[in-house]
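What follows is a single structure, written as structure tokens, with notes after it.
Each chain carries a letter (A, B and C) given by its place in the written order, and its residues are counted from 1.
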């Protein structure tokens, strides 16, 4: 079965600096792929190449069988099939929540207003924010805004959803509500590409983990394999940093040693 | 359509003189405006009750009326009240009136932009109002205002062309005179355009560079 | 003495009115064209197209380096010679003020668009909005609040600068005033009235601009 998304020998430069080096990656339909790696390794850039926010330089990127790295690519169409959620949510502050959700379906996809509205309200209900439909983004918490950002992308009926460190800017108590939504999408069989630092979440939701460093994919494996038995030294070092806190020795009282 | 280069060359001395007049009027206006603005800024900072309001009124009157009207008023109307005045001095007075108001606003904004924390630190080490103004407020307000000050200086220099309306022999007046005398419109307009570009474009680009340089140096911006 | 002054004003009102209509027409037209041109300029300059950007910058610097009065003379004397066109001074003034005004409004619009978070553009693109849709539904509405106070200030400057039209022969309110002065020698009164005429048009605008700026200040 041919993959839904296929990177082959994919390269990208920022000026003189090469930020993606010979990326080869295939994502099957329905797969949940989590991309991990240190800052600056190119994982966000990879995601952004998939919906055209970054322009690639060479190699091949195929989506649903179509080559995207050509002059004739209709990125507007691709962006309807590939939804993206950002770290800073970027809801449109001058519109109500409902208007945020309906902008794409009504103006881009030219759908029937009643149908679009019904879908938007159903999805809002699913993330538990049905009563916020007329609120404005500035009246909502970060976690609420991010959930709505996810719904905004879902309203376009995409085939793939990209998540770019979507919990990094949230207060810890709001992270759970957002991750639950993503888990729900995974369970429903949507194809997801997730860039995150939430290791436990990655372990729980991924079908496959991809580890990147300095623009290259160093290794990829099932989550269990990756987290218990990293193959490369760099991956081991990376994981160590995250386990530092949880493996700190507990503080023992002096008295008990006597 | 031929371009009479020889004629242009013959007019160059006159234009050089005209540039001199432009710079003369402009620079004097800048200096006097700055003086007026510094006095006004001090009045505003010290919050002297009646004078501050007077300054505010002055600023609004000067900034919301055209330079040309102010100029005509000084040049044509004042003689009716007994003062006889030359075009040159009418120009200086008017441009000081206008420039002083613009620069007052710039300095006021600069002073207000000095962080309150600075003033509080100054007071808490025992500085007097006057010392505070001289050592803490003015230096910082000065740097913050620099781009806006420079922009207004350029503005005043360019506005000197308006005083051609009262026969001050700056670049525009000279151009018009020569066109009226010799009908070499094409050539004279070309010279005028060239002078403007050579005189004002570098200043404008310099301003851009100044703005960029100062943005990098500002804390927390 | 005062009563004869007021009498004079009363009698001259129709004339002054016609002159004022000219002045205000020039101003309104220039303001309208400047706004349209300015928004176009601002949008075009944020498109990241090297050629367009460069061309617009040249246009901007030309109108910054050459004072408006010089532009008025350039077009008024130059157009007949260069292109054989002879346009009435009224339209010459509107043309110059519109081109200059558009560059000023344009820089305001550009600055406002530039100050929006980059993510807004990306979020808009990510749901498939086209260029015009992105600007129309997302970017310009948000830039509107930031653009308005400085743009009103540009309008005020256009109105004040329209006074220069008298120097290329437009029979505006200043010219009419001068004609009255020629007959009656009441220069203080007439120039005083003209002074107040401009003041009572421009001051409300600049006051409104300040009020809006305070009300819409960034949180």
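Throughout what follows, a residue touches a chain if its C-beta (ideal position, glycine included) is under 8 Å from a C-beta of that chain, and two chains touch if they have at least 3 such contacts.
Just so it is clear, the model here is predicted, and its values are computed rather than measured.
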| item | value |
| --- | --- |
| Centroid-based (C-alpha) most distant chain relative to chain B | A |
| Geometric centre: closest chain by C-alpha means | C |
| Chain pair that, of all pairs, has the most C-beta pairs in contact | B-C |
| Intercentroid distance (Cα basis), chain C paired with chain A, Å | 48 |
| Mean-CA-position distance for chain C and chain B (Å) | 20 |
| Rounded Å distance, chain A centre to chain B centre (Cα mean) | 55 |
| Chain B residues within the chain C interface of the complex | 1, 60-61, 63-70, 72-73, 76-77, 79-81, 158-159, 161-162, 164-165, 172, 175-176, 179, 185-186, 189, 192-193, 196-197, 200-201, 204-205 |
| Residues of chain A that touch chain C when the two form their complex | 51-53, 75-77, 79-80, 83-84, 86, 88, 90-94, 103-104, 107-109, 138, 149, 152-153, 156 |
| Complex contacts: residues of chain C adjacent to chain A | 117, 119-120, 122-130, 133, 137-138, 141-142, 219 |
| Residues of chain C touching chain B in the complex | 61-62, 64-67, 69-70, 73-74, 77-78, 81-82, 156, 160-161, 163-164, 166-167, 174, 181, 185, 187-188, 191-192, 194-195, 198-199, 202-203, 206 |
